[in-house]
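In what comes next, chain A is part of two complexes: it sits with chain B in the first one and with chain C in the second one.
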Partner chain A sequence: MMAMGMVRLRMLFVGLLIGVMAAPALAQPRRGRRGEQPPPTPPSAPAPPAEEEEIEEERWFAVTGGIVHTVSGPVLDGATILCRNGRVFAIGNNLQVPEDAESVDATGLHVYPGLVAVRSSGIHSGSSPEDGTDVYSFNMSLALAAGITTAVSGDVAAKLTYGTLDDMIVRRNLFESLSWSSRDPGGKRRVREGLDRVRQYLRDVAAWEEDKRRNPDAKEPDNKWIRGQYESYLKLLKGDAVAVIDANNAHELLQYCELADTYGIRMVVRGAYEAWAVAPRMSRAGMAAIITPRQRVDEDPQFNRPTGSTIENARILHDHGMRVAVTPVGSLFGPGYSISLGGLAGRDLLHLALEAAFAVRGGLSNDDAVRTVTIDAARILGIDDRVGSIEIGKDADFVITDGDLLHYMTLARWTVVNGRVAYDKEKEGIYSHIRPDGDVNAPPPDDYWPRRLGEDWHKPAPSSGQP
Partner chain B sequence: MNLSGRVRFNPLLRFMGLLAAMGVALTVSSAQARIDDEKIVVVKAGRIITVTGEEIDGGDIIIRDGKIELVGKRLEYPAGATVVDASSQTVMPGLLNAFSRFGLPNYNRSGVHGNYTGADHVILSEIDFEPLVSNGYTAVAWCPPGGGIPGVASVYRTAGADDLRVLDAQNYLLVWMTDPSGDKGTLRGALKQAQAEIDKVEKARKDWEEKQKKEAEEAKKKAEEAGGEKKEGPPAPAEPKPAEAKPVEGGKSEPPNEEKPKEFEPPKIDPAHQPLVDLIQKKAGVKALIVLGSASDYLHAEDVLDDHKELAHNYYLRLGISTDFHLVAEQLGEQKAFVLAHGLIGRFPQTVNRNNPVALLIENGCEVALTPGSDSTFELEQYRTRLADQVRAGLSRADAIRAITLNPWKFIGMEKKFGSIEKGKTADLIFLDGDVLDPAARVQRVMIGGEVVWERDERQANR
Partner chain C sequence: MQSQSCHPSAHPGSAARWCILSLLAAMPFAIPAQAQEISAYRVGKVITMDDRDSVINSAVVLVKDGKIQQVGKASQVNVPDGVQVIEMPQCWLVPGFVELHCHEAGASTDLHDYVYLTNPDLRTLESVNPGTENFKLARAGGVTTALLISGSGTNMSGLGTAVKFGDGLVEDLVVKFPASIKIAQAGNPERYWFRVGRSFMNYNLRQTLQEAKDYDQAWDDFEAGKTEEQPLFSPTFDAFRDLFSGKFIASMHTQQYQVVMMTLMLVHKQFGIKTVLDHSTFDGYKTAPLVIEGQDVITINGPRQLYFDGTQRKIFGNAARWWQGGIPKLGINTDSPVIPQEELSYQAAMACYYGWTTYEAIRGLTRIGAEALQLEDRVGSLKPGMDADFAIWSGDPIDPRSVCWMTVIDGKIVRDAREGMRRF
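Take a look at the complex of A and B:
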């Protein structure tokens, strides 16, 4: 009876997938063990049907009955998300969950896609996270408790795969850097000269290809010099890569806008606290921004133009059609504008969602603010095919919260990474004692901090006999 | 006689001790026994911790030529035997410090150095063995200093005659994995290089075989052309030799002018990678010891070994004050892993809750051998105290004793000769003035190969 039901259910799923989704993500061949993308196959190759993928064992996971904020689509009340082998398999009401599925009951809770931290330190290890990350580290647990499931370490987007090294890497080589020091007067000129040289090379190549048709002896332009920085320029000019720049004041931003326009380079600006003042120009240049709405920089009276930061930055950029991701202010010692545990602002590791809430304070809508830490962040990193929203075929990364994601009282109940529970509030000692029953009006715990030190640890020994 | 390289003890004191214990007559007879081929020593112990059998109250151990012959109560022994009276003491097997760099210089070396051994760095005469011997360690496995893959451990006795010192000059290969971001690459690269060395030899062998075959065919052709009328030689097919077998001399019956086939000379293997080559080729007795600092390091090590599932390896868990190995205890147990560990009660990370990883590992099905946390005299002294702590926190007494006696020897593959008091084992014994789990008990005597080589002197005993 059950087996029959299962068969029918799977047929239903296949129909659903093929009919509704046309399964763009499922058509991809299975990722390698490290989660790296295999070399792209020609589109003519027939996509293997989802049911016939060769996988040793099927790993099912389900989140049932939650208020599902898909972010890219509608909010589905009481829907079940069924995941297979770390990917979302089906979303809907009255789904039948396989018997062997691991399942969490999210009735009355909110389900969001896992948050994306566009820069981090202290969670993964450097630029090869799969070869050095302590996957049981307390930092990782803290970040998971904050709902973060994907973080950028160096130039790699990696999952917070607690307790396993499988499927950690999402994407390598996220950005090419394109910066010059403000103290180097010739810096910008050299960048332009380099870009000019590579652009001329590209034109020569195009001319050569044209010439080759008539003259088979045409000489191919020399490309031996395209190494290092030039290789990076080549990728940028061809549109194969996105440049990341650290710039804050309007003057710098305009310079980069001009560069982006002249050479047709896609750019992401980190920092950008004065971007609100030049938002239309940046929008025209197709720039995306990674900002910290909470950042405070006073205006500079020596300029007769608008200067300094504003909490409305995110809203203004968004209103001008720019893509905005939000990140905490970062530490003094680690990279700026990142989540981390070091330095004065290190506690910001715990507050990615609250940082987005500051964007709401500045006028951004709640939904758009959620997007700044989920799908928009994923798009800026170029990993929105896998993370950032709850969709069929995407990775099963969720944060299941006891309230609105951006509310200051909200805590994650579970965090799911690749279809595995990576954080469980009740089991991990970090927040288990805070509103254990989810009652937001419950009085705070009346004993000593922190509860995780165990019961009665602060009480004196019973048989001391001393007054 | 140069005593500087050996344990400091006063022969006069020892002699006086024996006099006091046994009386003049016995000492004389022992002198007689020494002249004979067979030397029999009888230990009359207050208590014997046999490890593999029951503990015996008031028993005897009869030792013949340095090996244990009989263990039991009220045993008969020949009149000429030397009697060691330990009726107020507990006798147990000598301890092995299975991971140590005691007395070795400190190098900040990295990379792959499979050709180095711990023994390379040892100058016996420079080392004061007192802290080891006085705490009951009769043997020590010296690991070469440095990170990455620093080399191969050498097992030495800590006392006794110089010619009996070396137990195994090349034991396990040490592999560090406490900093996976660097160590993973080192191990991966080393295994790759070792595989390349194997392929190199295989290729050379194949080329050589081809060449031999060709030469044999040519010779055959020549023989047929030259001496077609003779026809005395059998057809002599050039047998392709199996890859492993060395070419057998005279395997081919060629015409008499044919020289004997030359032995295949394999190209030289990089000595730094030789132990890894042996590991990949599953040479008997070759093992790797992978040092882990946290649960995550275990996952990283397994990740590298994913492509080398058959590689013989053990893990060394460096337990600290805060330890998270409980997170992978189940996985280690599933593997039936044989782990070396510090015997330390720690706490769960970020808490003050007590964590007894050794008991947990044993509960999960691992075999555990213990080793002191460091080479400091303090740690060596605390070894049994820490063990007592663990027994108080849930480890069984039998497991605890096994973990410091038999299992370390098993760990280095010498459990057939050492590690317990039973027939046939080497008489490396220690004598305690109390129970092994009593922190106040001290080692009073150390016996190596049936000879008492160290005794606590009076001033120390009264300390």
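Take a look at the complex of A and C:
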């Protein structure tokens, strides 16, 4: 929280400076791509703080003409999204785009908020993404091509800031882990004992604070032991953190529900393939779920309760008022939250949106399914103030697609992160040969391969000029 | 239900084979009572996959005695009085999908039998296990017919069985046996315990096929009266006689360019065997000109659907590249359980994501598989007289958002998801 606060403060400060300095600059005509359009009226800004630092130039970015799926609000056909310094500045139909703004023309295309991968590996580097991430990595481009603009790496939500280390971190310390092995019969008891001890400590502190008013010599409860797991319990009990647990079957889920109720802990469950069977209970316990709609676990006849997975899981949880995010199913070549070029396509982060499509098969509406990979995913991570929908003031993260996000032939044309084009299908080239400009019958690229000995090899080179 | 290989005109002397065949022939092939009735399905769209690629909107499909009786516009089909009409006017009715590469119609992990490097006479027929969870989920994915084949752990791993995912006993479900012989040309057999390489595999394959060919020739000569001495019966090589005469296919586990090329040169060209290129992944699509030359070669792509070509730094869709290469017959497989059987249509979705087109992909899921199995007169399209095998979807069957509401096999509803909870 500290770090995030500092980042925020710094950004706010820069923002203020820029807001002020932009005014005189905008008053003069400038050369730009969109020279025919007059600049917008600059926003009113508070008085500038005295500062001698070098002033950064304002960075304007616009997406024009697209079908804008704000996700948190209506679909705006043909609206312009104007962004300043990486944040959405204005959305509307008659916006004037500053002449020096970088812009992409999304006419006929769909604009969605950038997707949020609630779990990932292989995009950023572990738990300190800003220190080791290769911002030019192939995996990052692939994930951007899949529309992902924010991914959880370790316990950090980080942006896919292609080509720059700026503004990568969205939030650290997303979750406290809280779990025990289902094979350890004493596991839950130990967790409960730990929570009891910390809860007693919190009561002691409250009593001490009361006592202190009358008795200046009242002794503060010992807190030296509150480290490690106990520190984590303290955050959870105070409501400063959310617990993430890995639990799948109904029995395990009920155990965690009981814990959540008893101690007032907020929980996010990963896995949860049997959540449909205990959805009302989970909903009462205030749980959110990160699930894989098409996860397949067969019924187990050895139980006298409903067992196994169902494609309707996402829909049932949603109907019970639970927040649901979606993560892909995985394959022989890796878990669903990885990026795999092994070839078993459609089961990793490269097709995150299509995993949400399976939730529609299970009865969720198209719009709600889109939310499982955008705003609801952001809410589960506690970063919905920054990402997950297209709203004024939120980060300028978009995926601009050539069709409905959940359709199986939709590709990203551009992906925008922090108001910068981070992926351009045509320039990047990985997928540029697939349906260029929507043409399903576009000719394939050449092979650079001697198809058969004796064919191409012996063809005389084409003579130049003379017939 | 009559198995194509049940003709008594098959080769005399093949005692072991006769044993199985007479068993199959004697089986009653009971048609469920429900299928005796006439039933009608009123739907929004029928993709017939017939020779004229007819797609009929606002259509009725009339089913009688487990067969399609009529397919046409709702206004033009006369539904007899008293016939129950299943009304699903928003839905699509699509032929049941035909899976050509499945290891799961029997036990759930019936992949590899690493006993001998070459055991072509191993029979998957003996491991068909109806009523498993896989059967139910296959129906949930609109898959009605599958070719159950041996794994690719050994070079020549056995005879495949075409089954339907219907209800009933094994003999009710088997449509054709042998329906294929499984040959693995690289990749998995290289992990065999004494580590065979590709040269050896090609050598082994050539030797085995040559021996089988000699056996076939010796019997042909004897049967034609050219020789007097009856050749010694071989249980291993006997099934190859129907293979050489084109009664069933070789399911060739092939992957890269070199392997696909060797398959085409050796198995198809040299020995004249009806060849289906299973997997045919990585850069195998570069052999498209050879496949076109081979004419009756069928390619079924999967479960790998993408190939990263490092020389061009591009991701190619295997199916799209085969199709762009001009091959006429392209299907899709899951290699279940590598990809769950119910996700066969999602394999097609991936093929389309990476550049193929929807209608061709539906054809690849239905008719192409039926043609490869030489069962195109029974399954894979919807015409009068064909088996009533189809699924009713909420929309485009390739779209993962679409629900397979109902699956019908031999006129019998084997899945009805309109009530209760759906696993898939």
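Simple rule for what comes next: the second predicted complex is superposed on the first by the 365 of 467 C-alpha atoms of A that agree within 3 Å, B and C clash if a C-alpha of one lies under 4 Å from a C-alpha of the other, contacts with A are read in each partner's own complex, and residues count from 1 in each chain.
Methods note: a residue touches a chain if its C-beta (ideal position, glycine included) is under 8 Å from a C-beta of that chain, and two chains touch if they have at least 3 such contacts.
What you see is a predicted model; the values in this text were computed from it and never measured.
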Is A:H351 contacted by the first partner chain B, the second partner chain C, both or neither?
-> second
Could you tell me if A:G163 is touching chain B, chain C, both of them or neither one (first, second, both, neither)?
-> first
Looking at the overlay, what does A:Q229 touch: chain B (first), chain C (second), both, or neither?
-> neither
Touching A:E299, do we find chain B (first), chain C (second), both, or neither?
-> second
Which of the two partners, first being chain B and second being chain C, lies in contact with A:S125: first, second, both, or neither?
-> first
See if chain A has more residues touched by chain B or by chain C, and give me that chain.
-> C
Thinking of the overlay built on chain A, is A:S72 touched by chain B (first), by chain C (second), by both, or by neither?
-> neither
Applying the touch criterion given at the start, work out whether A:G429 contacts chain B, chain C, both or neither, answering first, second, both or neither.
-> both
Where on chain A do chain B and chain C both make contact?
-> 429, 452
Chain B to chain A touching residues, read off their complex = 179-182, 184-185, 294-296, 299-300, 303, 324, 327, 349-353
Can you name the residues of chain C that touch chain A in the complex?
-> 133, 137, 257, 281-283, 286, 289-290, 303-308, 311-318, 320-321, 324, 338-340, 342-343, 346-347, 349-350, 352-355, 357-358, 398-403, 421-424
Chain A - residues contacting chain C, complex = 276, 294, 296, 298-299, 308-312, 331-332, 341-346, 351, 354, 357-358, 360-362, 366, 369, 406-409, 411, 429-435, 440, 443-445, 447-449, 451-452
Contact footprint of chain B on chain A as seen in their complex = 125-126, 128, 130-138, 163-165, 429, 452-454, 457
